[in-house]
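Inspection log for the structure reproduced underneath, given as structure tokens.
Residue numbering begins at 1 within each chain, and the chains themselves are lettered A, B, C and D in the order written.
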């Protein structure tokens, strides 16, 4: 409380990285003049062992209770120096860093004086804040060594199998009565004689043989409480005759693999459902399946077509008013793969492909080349083709941009390569798990590039097409990747969370609820107390310390530990007023 | 602006094109490298890529209307640069063959190009027929001196007139058909004054016909250009010489004769040029020494062989004639005729040699279209 | 529990190592160059979020360095692998840095004093580094390395200036190669890619015309840590370009070089065009493409943004050739716009070639048959539908561009997948 | 004299409502009068300034000062009161933060005088006379007219203030609470608000429980556009009610009259700029993707933005008022 504030300031040379531009000695001398600064020193590499030792000694000798290091970005070495404080018996959060490398020497190499002045200002700000720092403790929570997998498509199956093989209990919840999801409809896969069903079966067999796997078919997740390490889940299982059963689960992590729905064209979109000669790619794959209605025979509208037109980007790339703006990624390759299989079986068939942009990326380019060589004729459109069903045939017409002519082709049947849309359950799951989704309606990953299988909420992972279109191989890989992330949690007995999070001062909170609406991590709820008063509550396991709530809180009741209003204001004042 | 084109003849066009030499037609993915690589693109407006696309889709009307194949002189640059190894050079050659078929109203070209048996049979029949006619209608066989005119007259003269007339007529009709195809697919329907037709004709046809200038622009063009000129001028000189000597002069006055020595020098040197040109071409084709000669359609062989045989027998006839060997002269002459007749009757209106006429006319029609489009630009 | 070796310290290798280490598995991360980071460290920003590449990568690199379960073996190569899944013996050769890494503080004094200049591979030879060097400012570990091929002491037996000026006395010219043998449960290979040689498509004049660049070179031009400190200037005269052409599929989708599509170039070029516009608002950017492979999440939206918001011009054409105007050093691109069927010769003052990715297969594993190359030279994945990251031999995992051309998210996903599968071997090992 | 604590009350630039608010204590006024000695209260009791001047320093227990500092006279008197008082209480919004008269800081002094003395339609002032010190020939004295200061200032910009009592005016309960605190000597740290709540108005608002879990709205509405449902949180209905950012203690009087809170109790302890915080929270609850749309909503749907968000606090805000070039 009223203990005297004793601050040590340490200015790093970072070799020549800082000292080459900033006059380090001058900064040290300046730091000594700042109030509460007891000791100020410089060293060539503060992060090195001797640098760290120096700080530790000073903490003991000068009875320091705050430390400021002026060096590189805190992203680089803040954890290092916090460790130093901890080792010296000081709370690690009584530490503040001034970034005089990235912010001074690296950006102002040509103006040494100004860079030095700026370094002094940054140190002054850091000291001003350090004075107001408070000790904080890491937040810990026990972990349940089990994982919930929502969705029994290939991604969910792969994740389940990986985790049970890794030795964890996995609860696999599938809405339908069978496992496998959309993959079972894919028919024979490219470059192999395997079918989607074969892939599913090989995974399911291994899962069923493992006692750690607990499969709930005809089941849906009803409710999820808790947070990373300790989710409490209620699953409802339909038992037939309208009966239901509720199952309570307790897991440390959740994998969401709810897949996708094939885009369903509107009635009349490319003639869909106005004639039996127009089918979707998924319907065609079903027709071609050995277990399909025609036992694998190519029959569309009752006849064996002699000519087929494929229209790509159905439901994708904004081709029609109903279509989504994104690319569904797998339809080009899936169409060409199917065409090649058809050509193999019926070499005399004429195939026309109306496409907007051929996206056989990577090695799949091969499918495109093979299709061309098999005399599949490609018509490149910009505006969606028109499909006019006639008596005996269907006329597909489009403006081919490569010859700048309209082309009308009478064909026996039309196949619409329909894309993927978020599964119907996405919205429900999203709200239940408090995870985000993007403008495209798919679930949002924590970082598009580097954290593609993690949700913004800790402990929840995303696999397969739930986050966006993928082919079967990519979905399976993401299943394993999500399993790996889940494993990093459930291997631990206890997880620790940084204490730099938002906290509510209950004496000041009026329960207005503005913070709860804004929290991007769904970490804030409004609790109604016994006296009927509303109070905001932060779930410390969910809070990421982004500060949104603290910034918006109209009454100042919400404060961000480590970045409290008074701490930040002190820095602002120090910036402009000087000391 | 854009009309609807019905895609016709599924499969048939492409199989014809493949048998006409478009081996790698179904490799092209429409990148446009060929057009951009062509040294002639800077001079003429044509999209070779589009020609390939027409071929892939089997748009036969479009192919017949497209000047692009005729603007290509097969230098091979596009084939070398093509990232898909589609060999546009060969596709364009096949498209030229296909166009010849399309232009020919008699349907003869089609059979000639698509059936080797038909091709060889028609040559054989014509050769035998020629031999028979010579045998039946030959003049007196004078053995004390060489008197070819006595031996051949009046057979040759009559045949000359018939062949010249009929073939010219067929060729003209074909060129007219080519014109109709071109205009039918033109995107602008406006009309041009007759004066433009005439002015452009005068500007384009004689110049390009006589100089084959576009070919000189081809990369490494000099060598092929030389061979081409040897063949062209060899043929042209003999043709003119023959018409002068056997048709025009006798028609004007039976007493008019060319100077025998000058005539013989002209004739012999033209034959030598033809022999040299065709030998080099045959050698090149056997060796497949460049992209141009990598692929030879059967009709290419027939043409070049007939030309070579015609030239050799023509030269031999002259040599025997000037050496004063009557019988060898008559026999060689007969054999010469047995090659000349099929060469002229088959190749000029129905097959490869028609390109002599189609190329400059394609340029001409293309130019007319360009003018039309400029004038009626929307 | 047995450890796992991860070969290759690019983003895929880094992610695999972290995902394993976070599961409590001991990981050896082997990187042949002096620092981890790989190709991603060379990129300026990443599509489609336009995140600064090193800003998102550096924390991961630091995390690897700091992780108690990860042992970083940089400047080291795998020499030999024998064994079976769950029990591989891996011989690793640690090349001598001639710098004691325990003493070196990365202060850079030695680098300043070293008199020998060598083309800087991090900036693709567009500027110079010293014979003793730290590859880039955010290098992990931040330690100097002597390049014996160019060091005067090793080539001529003289100099030793670095030794004299090194404050912690870390230079050690007597260091010897060191061999380490490890017994591991599984091996994850993420050795990445290099660009194919753009000279194979000679018609584009790379290496002949100074103002023709590869896309990776252009990334370095964009980067503030690059040879021009983020200025886009022409090699020939140091001037800002006014018109830049980006040519796609150079040595990709090409019968003569590589038949496959390199998957990332369309988006990378789109991003580079946007960044060029951000650097030089008046610059005109044209992308010559055949098909825009905007297949990933947010990619199509990014492509549309490039067109609408940034005014990047997209022309569907594969240029046939480039000629240089010898006076201005400008470049004349020959192409047919396939959407108008017009042949055009257009002048640009800079051309950027999107060159194909070629996998770098680790010789030692190919030799022993643990990894088999596929038709294109990428690492084969025989069971791609069930185990999408497993190499020819079980227990060996191939991820990232080594396996097929792919973007960062897909590489990261594969890294996670490999970490999962390898961990199963590790715990039962 | 008596042992009762001495109290002074003074009125600066205010509407006078605060003076009445003291009387609104009703019968409690008598308790007050019993408990204290009033030594200065110009509006009610006939003391002169000289009487105060005669008092020893710090002899007044507390001075309750309402109104902002607008005139030189205000400055002079409050400085005197400061000298004579143990506690100075800024009583009411004007005194605490400037209040409604503080909105005059959006204009130059000259503009204000010109408006008041020349331009107002009911004023006839052909000679363009402005108040000024003059010599009264009849009385033979110099009549001193106080000068108008360039800006209106909250009390604490002129003298040190010990406690604040918020409200426009403070409600009787608040006033009574404050007085009791003063008299009992049970006082919070200096600089605190006394008499009111430490939480925002929502805490005591009867409609708080009707708030949705996520308080997000698609658009702002003006009260002229519709009749709000009296059973439902006004903010949730789109009215820019300032309850969340305003100190409670008033008993949600306006809300009970189906009117949104206008913010007369000012900001809470951790907030340093009322209007900025208000703007921040209002913009935050707009569930609109496009930033431009947020700007449009705030500009167009919240009429008189400064007048609304800084109605009581402009002079005390970080902005202080409009900045004029000299």
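FYI, contacts are C-beta pairs under 8 Å (C-beta built on N, C-alpha and C of every residue); 3 or more make two chains touch, one makes a residue touch a chain.
Small disclaimer: the values here were computed from a predicted structure and weren't measured.
Comparing chain pairs A-C and B-C, the larger number of C-beta contacts belongs to A-C. Our note on geometry: chain B versus chain D, Cα centroid distance of 104 Å, whole angstroms. With centres set at the average Cα position, the gap from chain A to chain C is 24 Å.
Per-chain CA centroids place chain B at a distance of 56 Å from chain C.
In whole angstrom, the spacing between the mean C-alpha positions of chain A and chain B is 67. For chain A, the set of residues that touch two or more other chains comprises 369, 402-404. Among the residues of chain D, none is found touching two or more other chains. Shared interface positions of chain C, i.e. residues touching 2 or more other chains, are given as 253, 316, 338, 341.
Applying the touch definition to all chain combinations yields A-B, A-C, A-D, B-C. Put simply, chain A touches chain C in their complex at residues 13-17, 44-45, 48, 75-76, 79-80, 106, 162, 165-167, 189, 191-192, 194, 199, 202-203, 317, 325-327, 329, 357-366, 369, 401-404, 438, 440, 442, 447-453, 467-469, 472-474, 476-485, 487-488, 491-492. By the touch rule above, chain A contacts chain D in their complex via residues 505, 507-514, 516-518, 525-526, 528, 532-534, 551-557, 559, 565-566, 569.
By the touch rule above, chain C contacts chain B in their complex via residues 203, 249, 253-256, 290, 316-321, 334-338, 341-343, 345. Residue ranges on chain B touching chain A, taken from their complex, read 2-7, 10-11, 14, 26-30, 49-50, 53-54, 56-58, 62, 84. Remark: chain D residues 198-203, 208-209, 211-216, 243-245, 248, 268-272, 277-278, 280-281, 284-285 touch chain A in the complex.
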